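Note that subunit A is present in both complexes that follow, paired respectively with subunit B and with subunit C.
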Partner chain A sequence: MATIAEGAARTRSGQRSRSLRQGALTGLLLLPAGLWYVILLVVPLGIVVIFSLGKTAARGGYAPGLTLDNYAAAAAEPGPFVTSLWLAIAGTILCLLLALPLAYFVATRGGSRKALFIVLLVIPFWTSFLIRTYAWLTILGPDGLAGFIGDAIGDPAFRILGTPVAVLIGVVYGYLPLMIFPIYVTIERMDRTLVEASKDLGAGRWATFRQITLPIALPGLITGSILVFIPLMGEYVIPAILGYGRVFLIGNLLVLQFLEARDWPVGSAYAVMLIMIMLVSISFYLWFTSRGRKSRDVSVL
Partner chain B sequence: MTDQELGDYLRRISGTKVNRRGFLAAGGLAASAAALAACGNGAASVAPTSAPTAAPGTVAPSTAAATPTPAPTSVGKDLFMYNWSDYVAKDNIAAFQAAFGVDNFTYDTFASNDELLTKLQGGATGQWDVSAPTAEFVPAMRDQNFIQKLDLTRIPNAKYIDPAFKGLWWDPTNEWQLPKDWGTTGIAVRTKIVKEPVTTWKEFLDIAPKYSGRIVIVDSPGDVFVAPLKARGHSLNSTDPAELEQARQDLLALAPHVLALDSDQYAKKLETEEAVLGLVWTGNVLPLRDKPKTADIVYNIPTDGTLFWLDTWVILAGAPHLDAAYAFLNFIHDPEVQAKETDFNNYATPNDEAKKYVDPKILNDPAIFVPDDVVAKLEGAKDLSRDPTRIAIWKEFKSKIGS
Partner chain C sequence: MTGAIRSIGRRKTARRGGGRRNDRQGGAVELWMRSHVALVYLFLYFPIVIVVLFSFNATDRQVTDWQGFSLKWYGRVLGDRQVQNALFNSLFVASITAIISTIVGTTAALGLQRAPRWFRGPFSALTYTSIIVPEIVIALATLVFFSTAFDFASPILGFRLKTGFATIIAAHCLFNISLVILLVQARLNGMDRTHVEASYDLYGSPWRTFWQITFPQLLPAIVAGFLLSFTFSFDDYVITTFVSGAGTTTLPLYVFGQIRKGVTPATNAVAAVMLLITLSTLIIGQFLVSRNAKRKGQSGSMTSMVVEQR
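So, the complex of A and B:
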């Protein structure tokens, strides 16, 4: 009897120490990510919020204070927010329309060349983003596509650069892979027998796509859309280069506030408002896409 | 990829030099470390005396006393410079490295004075030794303890500076900065297409609707405000509300006709005739005159007066390599070295002695070394980048470009 009781006690203490060890291990594993999260996300965010409530120092920069004037000043100019929002939405939709067929093709028809297609999609990332954007200056410029179209329609003044179209082309090009890969992964993992079953049960191609493939690919679509939408809202380089500064986005406004006006508090207020707008629009988007699908969590996020 | 490689690449695709305010304002994104060490390594191994062009003081007797032959005492192996992109001739950097044994010459770039100030306000002191702000920003840097007083006994070559550039409002005692080079803001015209004379800011603003969508403007508020203010005969440093309101209306009338706000590729846009009129700086436009296809381009210094800017060498507070910094400042104002700078930059040097060695073609160019009667009309800028009225107008103008 005694030995049994002893044994049980030993097991219990063994379990306790094991769970302790596991807790320590979990903590250790979480430490890098946690530190990263706190140092690079929470702290800067806190600083931005504090700055947004402060005053502008006489020589520019930040001086302590507690005021909402910066938000009033920022809210007085909604123009760049609106431009950014429609450009981000249009860019996301365009990416979606281009990425879905492409990802579908690579995942289902890629066959043995699947790896090759993936490599081809990744290769552009080997070159600096800035260089690739500058390359579009040549492609779309008066010696390139714009000149060609201009000649064709007899309008020598025709141009693409410096228009929202150029910016859209630039952002779709830049962010397309971020959309393709999540969609590709979900379609690639899809059980093909479901499609066959759907066909056996008499569904047409469109019905199969709408009722089987699309719902399965949805988490990928959502992830991709968010991955594209968020950086698009803060986009700054592409409108500056391809938009010639004629497409004035919230990112450009932020640069102006911080680097040209040296007005950190108002700039921070813009930044906080941008974060709020993104939170609201993404929450709405998630709610909209998950209506009636309560059971399915968006774990891909 | 470093900025340097990127700079080379941009220069190749644009076919022109991208200098001074050249590099895109995406500095933040493009990162900034541009190590020029690579180009110096080869030169550094050459014995200083065997490189005649590299060793200042071997040719002109007048300079011999002033310039240090390879320093007997070491100035250290490092120098960190924070400067406009492509603003020092590479040959001169290599020569400096060879002469003083500075193996690691780091050249980081900023795109605007405001960016320089922002970085320093953000706490980047002690990171660089030497920088080159525009003169009107020197007082702000002095007052915030971002720069240190120069010991002029360590810069004997400062004696060559033209007195016209001494005792100006930004530095009455000439001990905080050393003039680097200067230029003007003016009007570039493709005369092949624009037949009307555009020699004043008034003409520039009046003619803008006719060339709608073909006007390029540098992305710099201090320069853009010059046009509407000077066109109406005001000081370009005006902060008078009524005058600024007029300027605002003139700028908003101009905005729809502007093709691009661009400090980086404006010369390229003028070259391809995408733009035929420009409110620009001299340096990048002048080389276009030498190309057959763009020989019709002219750079006019507006006769109703315009801005002259003076860029200055400063030593930053807490400079970790003070000896190397002084060695560089003295080296760069050696007349022959300085002349090479002028040939490279296409900007006028304030160094009188150096003019003897400057390429005569540049020296006799009225767009660079401006005639005296035009100089009388020039006005130095004040730092008005914190003026709230101007900021508001600039923001409004910028958001209305092309719309």
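So, the complex of A and C:
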């Protein structure tokens, strides 16, 4: 009797020690990444929020305080925000318009060459972003497109570089693959019989696209838009290179505030506002995708 | 009843008539779609071709003034001490970043699978946050953090801590760890569990099961994660410029500085070298992953993994 109880107790403690060991292993596996997240993501973002409420020290940097002055200062100069916002919106829409027919074509007409089409899309995405931006300096420059157009309209001083148009071309070029991939994946995974059913029921090509393909591709469109819009709001390299710093976005402003002016509290306020814009777009995204799921459940019922 | 039949008949004739119109329209739509696709691919490749082309220009003055084919700019650039240092720094930072990110990211993905549900949600939220927050915000937050931490720690340590390779690598790892986690996680979720169960049934130890069953199945994702991390780290400008120190100029920082002075054939040559290095990681990865897939009789490529991840 006693030995049975003892044995049971031993197994139980054995189980407990094994589950303890399992837990320890799980913790150990997650520890390095967890440390990285806490030390280099959570704490730094927390410090930025604290700085944004502080005062600027006499020699630049941060002095403790609790004030909203930095936000007021940031809000008093909405220029970079407005420029960033419209450029991000225009860039996202242009990417959408270029990406949708391409993704649709590759997914539905790619056939045996689909893999090749995809590889050809991944190559530009994979090669250096900085160099791909730099490449446009020659193309849009006075010896390139700008000179050509300038000759055509008889205005030798015509320039594209340094204007919002150059920056827009650059951002569409840089971010296009990020828009194509998610749209392609949703159309590719789509149940093709739905399209045939629609055609059998007498719907035309356009009606089928609008009523079947587009709603199914919508999550991909939204994901792509988020993937393009959010990084675009904080873009620095493209306006710095193709806009000559004259097209002044939030990214340029943040570099100026942190690396040159060293006005960290005001810079932090700008950064927090940028994070806010990001959170709003993400919430919209989550709300939209969850709404989609709910309505699909209802339609199944 | 008859009305219904008649209406079906009417619809049929209408469809037949409309069908012809549809075909003609369809031809136009197909044509438009094909030309759109061709133009977008042209748009994607034209700039890359231009940079590489003009890097072979023998000219001494104008970049676009073609004076014949020459490799002299490559010779000049690769012999330049500054470029050599920057290239070495970049390769060093990218290699260390890729090694750390791959190990930390893979272990985290494995750990996450075993972790309780309440833990997984917040952890994944952090993973996505580190990827979606604009790079510049991560960059400035990291700068502010290091500067604050160094101000705090230096008097205690008795010497001045400075930004440099360690801070660049630590900052690069954040994004890339998350990237590896997502890639490996996707692979883990799509994995066939029956082999793992079979191994346990045959009294395989967890350790052996992992190395003989799980790890080979995860390998393509791990390879893709390693090479993507290498490429992103090698190419990064924004984070590096915020947290670099004296003597840690990487190739993107050097190129950015050169761009400020205008486009030259020399800069084109450096740019082409950067393109070559980033592209060769893709080719290596594609080769490794598809060879691995072929040996196992599966289909799979690194590009498809990248595309489906996004």
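Note that in this section the second predicted complex is superposed on the first by the 238 of 301 C-alpha atoms of A that agree within 3 Å, B and C clash if a C-alpha of one lies under 4 Å from a C-alpha of the other, contacts with A are read in each partner's own complex, and residues count from 1 in each chain.
Convention: a residue touches a chain if its C-beta (ideal position, glycine included) is under 8 Å from a C-beta of that chain, and two chains touch if they have at least 3 such contacts.
If you're wondering where the values come from, they're calculated on a predicted model, not measured in any experiment.
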Clash or fit (per the criteria above) of subunit B with subunit C on subunit A: clash
Subunit B versus subunit C as contact partner of A:G65, first or second or both or neither: neither
Partner chain(s) touched by A:G150 [first = subunit B, second = subunit C, both, neither]: neither
First, second, both or neither for A:G162, with subunit B first and subunit C second: first
Subunit B versus subunit C as contact partner of A:S128, first or second or both or neither: both
Which of subunit B and subunit C A:E260 touches, first, second, both or neither: first
Which of subunit B and subunit C A:R205 touches, first, second, both or neither: second
First (subunit B), second (subunit C), both or neither touched by A:R246: first
Which of subunit B and subunit C A:E77 touches, first, second, both or neither: first
Subunit C versus subunit B, contacts on subunit A by residue: C
Subunit B region in steric overlap with subunit C, selected from 45-53, 63-71, 117-125 or 369-377: 117-125
Shared contact residues on subunit A - subunit B and subunit C: 61, 128, 130-131, 134, 137-138, 141, 143, 236-237, 240-241, 255, 258-259
Interfacial residue positions of subunit A with respect to subunit C in the complex: 22, 25-30, 32-34, 36-37, 39-45, 47-48, 51, 61-62, 98, 101-102, 104-106, 109, 115, 118-132, 134-139, 141, 143-144, 173, 176-178, 181-182, 184-185, 202, 204-205, 226-227, 230-231, 233-237, 240-241, 251, 254-255, 258-259, 264, 267-268, 271, 274-275, 278, 282
Subunit B-facing residues of subunit A, complex: 58-61, 77, 79-80, 128, 130-131, 134, 137-138, 141-143, 157, 159, 161-162, 236-237, 240-241, 244-246, 248, 252-253, 255-256, 258-263
Touching residues on subunit C, where the partner in the complex is subunit A: 11, 14-15, 18, 22, 25-26, 29, 33-34, 36-37, 40-41, 43-48, 50-51, 54, 62-64, 103-105, 107-108, 110-112, 114-115, 119, 123, 126-127, 129-130, 132-138, 140-145, 147-148, 170-171, 173-174, 177, 181, 231, 234-235, 237-238, 241-242, 252, 255-256, 259, 263, 267, 271, 274-275, 278-279, 281-282, 286, 301, 303-304, 306-308, 310
Contact footprint of subunit A on subunit B as seen in their complex: 1, 6, 9-10, 13, 24-26, 28-30, 112, 114-115, 117-118, 121, 140, 143-144, 213, 219, 221, 258-262, 265, 272-274, 385-386, 391, 394-395, 398-399, 401-403
